[in-house]
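I've put the structures underneath this note.
The two complexes that follow have chain A in common; it is paired with chain B in the first and with chain C in the second.
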Partner chain A sequence: MKTRLVFLLMLLALGLHVALGEVDIAWGELLGALLTGGEVNEMHATIVKEVRMPRAITAMTSGTLLGWLGLLMQTWFRNPLAGPGVLGITSGGSLGVALAVLLGWALPAWMAAAVGCFAVLLLIGVGARRFVSPVTTLVFGLMISYAVSAVVTVLQSSATAEALQTFVFWGMGTFGKASFLQAMSCMTLQVLLGMWMMRRAQWLDMWTLGEDLAQTMGVPKARLHLEILSLTGLILGVVTSVCGPLAFLGLATPHVYRFFHPKRGHMDAIQGIGVWGGLLALLADGAVRWTDSMAMHWPLNAVLAILGAPVVLAVLWKRTHDWS
Partner chain B sequence: MFQAPLRGLGWLCLVGILLLGCQLATKEGDAVKTGWIQPKHAKGFAWALSDQGQTTLVLGQPRTGKVLATVSAANSRDGVEVGEDVPHVVVDRDKGFVTTSTTHVHLLEEGAGLDGWRGCTSLKYLRNAGVLAWADSTSVRDVSGDGGLNAEVITVVNPGSILTGPNQDLGERNWPWVPVTEYLEPHPLGRAEWMVALAWLAGDSMAGAEAFQAVEARYAAAKNASVGNGKRVFTGSVADGVWHAPGKGSFVAQWIEDAGGTYALETVDEVSNVALSLESMLELVSKTDAWVLVTYDKDGVSERDVLAMDPRHAQVMKAVDEVWVCNTAEVDYFGEVVAHPEWVLEDLATLVQSNSEGPHGVFEKLERPSQQP
Partner chain C sequence: MNLILNNVNVGHKHPLTGPLTMSFGAGGMHVVLGANGTGKTTLLRTVLGVQAPLAGHITLDEGAGSLNANDHRAWEKHVAFVPSMPPKDVGLTVAEVLSLSGPWQEAVSHHPQLGPWLNQRLSTLSDGQAQQVMVARAMLQSNHWLMLDEPTAFLDVRGQRHLWGMLTAHLNRSGSVMMATHDLRGVHRWMQEAPADVLEVSSIHVLSSSGLSPLASDASLDALEVALG
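Right, the complex of A and B next:
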């Protein structure tokens, strides 16, 4: 499947995301609201600009960002099961929110998640300076994840029912709480990460040949390690704080891309995974909004897994791909 | 040798601090004088009245006293000293309100009425036919959605206030969130008294006050009619090998005491739930006459159902003479009953005093075929 076609599908999904919703808005009004011209109902303009647009942009950019981070982690650790969550940064976000919500700290959930993510990133950064191999960093991240999960479980065991409910809802993930500023932050990060990945595509290609070979070909391991860690931490911290912990997109999107596009280099993969990530996130959020309109209210993380898991399973079933 | 001069210096400092304190107080007093109206039983809200005629509702956490928000129709809270970081919510009564709990709906229905009710997240959990008919006839919107509330529907409804819980981020989308903490109140009448605060929010505090006075009078009458007969009552259930029961300072314990019984968990003075090891619980339950179990079963609760919840309930049932069950599938324990604490008291008192079931059907005595000879 051509990447261009997927890009067009993503744009179509984006357009439908803004055009359709609980409230019927005529196309003329919709365009008026977007372009600030013509006769526009004030309420409809508010819905388009403050509810639908931030949500659609956040879904698209978060999907792209998580897809790219998944590619980055799978390349760096040379492991198809690696995803953005393996470093424990998402768990850090959970800890931040658990402390804020379950202990009643006066901090909004998104801010607490950001603080938690960056605290864990700092810890990994300190640890990573000592570790020779990315695998050690991976194990270190997993251990942090376990430790953080244990603390969260202890906090949950003594929380009130309502605090627990708030925390559980946060864990289900949503694009629906993003403000316009947060959506723009995600978009800025998308530009930043996209530029960095294109600049480093050649190094990443070399890295897939093996750590030693890549170094002999001139890839500066320490620098690449630092850049990957910093960017992953920063982006995952922001995405988790805005949308909650979204684990499946990062893991699944590179697999979906590889299913439809034969083995290609990182430059192609960056473009393909970017649009596939955006499309999958928009489709999943479209399903969430549809279940909302049917009074079923399926959580985003559940929909992502329901949509994504069969695709990944189909990939594994149909292909005997050599992941190394 | 330095003791006398040091003492003198200490006194001088003390006088200085006192003078400074008086000066600050005078300055504040010159600006806006504030008086307070405290509710009789509730600890989670109070009204601040400024000498300029502004009324501000101050909402807090009843167990810790921490102020969560101030609420008024005005843009500021002049004269209310609660700290800069406490959010101030501006409500518009003409635009109505949205509820996020069935309890809010029943407290409002009992007090100010549901005229301003515009939206609800818990429509499918409401059971009262009158309330449901009202929601249907006035087109109350289902505002639930992904992440809590459906942002589009809320924008359309554009409510003047959104009643929520204490864990809500009050800054979210700049919506007029009003944190309601009734379920944290330590006294059943404290929970019911929230109908006055909610009636104030809905624009008819007089109706709320009158409704609450009637509830309070019936509660007092039932309490006065109850004679302490020393019957020891216990409540709670097993979860994950631990017994969870409301503490001595909880509204459940208060109900049992007011009904003339003795709450078995005497030594623990906790307002919230207490976790007991099964050993401690069995020791305690051996000195108990009745066990109150609040549970949900849409097909009715039988002895087999109670044992199916946890086999260790058999030990509890063996130790007590009676099991009183409140089946929340049949009784709106978390909704209508909150606005009528006197129903629970009257039913509990009947059980404590006479061993027969009460007039409101909040509790039923569990039939125990295994205990029959």
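Right, the complex of A and C next:
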């Protein structure tokens, strides 16, 4: 499938996401008023600018960012089942937010999430150097998740009902709480990570050939590790704080790309995974908003798991030898 | 460009061998034999600059000046690596893998057998085919030194023949080769067929805890087997 086609689908999804909703926006009237400088329907303008646009942009950029981070983790650990979530990085964010919300620390949630993500990522980085096998590293990450869940459970047992509710709702994940400013920060990060990945595409290609070989081909391992750790920590921290701990997008999006596209070089994969991530996140959020309109209110993470789990199972089932 | 070891100790924390002082002549085939665990791979990794020596210096002499192995940027242009096992699960095509180190067309002109595989993923090739791609890639990266770690370990007889053929071609273009191996038969056959001028700068050493001890480059197969213990 052509990446350009997926890009057009993503733009279509973005357009529909903004255009459709519970309130019928009089689009002709609104656009006409904006163009001619006439009387703007304030309510409609506010809904578009402060509700739908931030939500759509946050969904699209978060999907792209998580897809890229998934690719990055899968390349770095040379393991098709690696992803920000599986490695316990997102749980680190949960721990940070749990500490901030449940213990009432005076730390903004995004900062708490970022610190938590970064701490776990650092632990994994240390572990990855110590354990040569990627499987060991994955188990390491998994154990961190368990330990973090345990701590979070302990914290929950003594938290106030109100704090508990805040934390549980945060854990369900949503694109709908993002402010315009937060949407713009996600977009800025998307540009940052996209540029970094394109710049490092060749190093990442080399990395797939093996750690030692890549180093003899000119990849400075320590620097690459540092860049990956800091970018992943920062971005996952911001995305997790804005949207909650999102499951499966990072892990599954690269595999959706690999299913539809033959090219495995990072330059192609970055573009393809970028648009697929945006499209999948918009579709998932579309489903969430549809259930909202039916008064069923499915959480985002439930929708992502329903969409993502079969993808992961399919990968395990049909373990191809060309995933990288 | 001779490869020079000056009082080099290799190992992780503790030196695996006594200090190595040695010059490996440019244009030659330098074979390092040694039992498992003597540190052949560690020596190669150190010479490649992946791992720092515990002591001493590793340099390439280049006309007036010399290059140090810790100068990674310059080192990678003159010293390329072929690991024992071709990498697994690589979705890149053969052409893409070659392109990481230079124009693939050049590799195909030197090794026409790669031509039909160009658009195949590396992961779909046999070990023998993949190893040829890895050698061709290393030769694109460096015209000078190729470092090979047990390159024939996973190859059948035909694959081994192809590999020795490619290495001979590299030496004929005045490249140099350093190889850690157990492939005594391959080494022996190569020695018997190698041109005299290449043989003259070539060497066979046995690595042990006391250091590198040289063997005559016309050693018999029996002598090689005895030396390897």
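Going forward, the second predicted complex is superposed on the first by the 248 of 324 C-alpha atoms of A that agree within 3 Å, B and C clash if a C-alpha of one lies under 4 Å from a C-alpha of the other, contacts with A are read in each partner's own complex, and residues count from 1 in each chain.
Rule of thumb we're sticking to: contacts are C-beta pairs under 8 Å (C-beta built on N, C-alpha and C of every residue); 3 or more make two chains touch, one makes a residue touch a chain.
Everything numeric in this text was worked out from a predicted model, so none of it was measured.
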Following the overlay on chain A, give me a clash-or-fit verdict for chain B and chain C.
fit
Determine, under the contact definition given at the top, whether A:D212 touches first (chain B), second (chain C), both, or neither.
second
Kindly classify A:G265 by the partners it touches after superposition: chain B alone (first), chain C alone (second), both, or neither?
second
Just chain B (first), just chain C (second), both, or neither: which does A:L69 touch?
neither
Which superposed partner A:L95 touches (first chain B, second chain C, both, neither)
neither
Which of the two partners, first being chain B and second being chain C, lies in contact with A:T160: first, second, both, or neither?
first
After superposition on the shared chain, which partner residues are touched by A:V51: those of chain B (first), chain C (second), both, or neither?
first
Quick one: minimum Cα-Cα distance, chain B versus chain C, in the superposed arrangement, integer Å.
40
Chain A residues contacted in one complex by chain B, in the other by chain C
none
Chain B touches which residues of chain A in the complex?
21-23, 43, 46-47, 50-52, 55, 101, 104, 106, 108-109, 160, 162-163, 166, 169, 172, 174, 176-177, 179, 288-289, 292, 295, 297, 299-300
Under the touch definition given earlier, write down the residues of chain A that touch chain C in their complex.
78, 80, 202, 205-206, 208-210, 212-213, 215-218, 220, 258, 264-265, 321-324
In their shared complex, at which residues does chain B touch chain A?
61, 66, 85, 124, 142, 144-148, 150-153, 155-156, 158, 165-169, 171-173, 183, 272
Under the stated contact criterion, what part of chain C meets chain A in this complex?
45, 48-50, 72-73, 76, 79-81, 83, 87-93, 96-97, 100-101, 121, 123-124, 141, 147
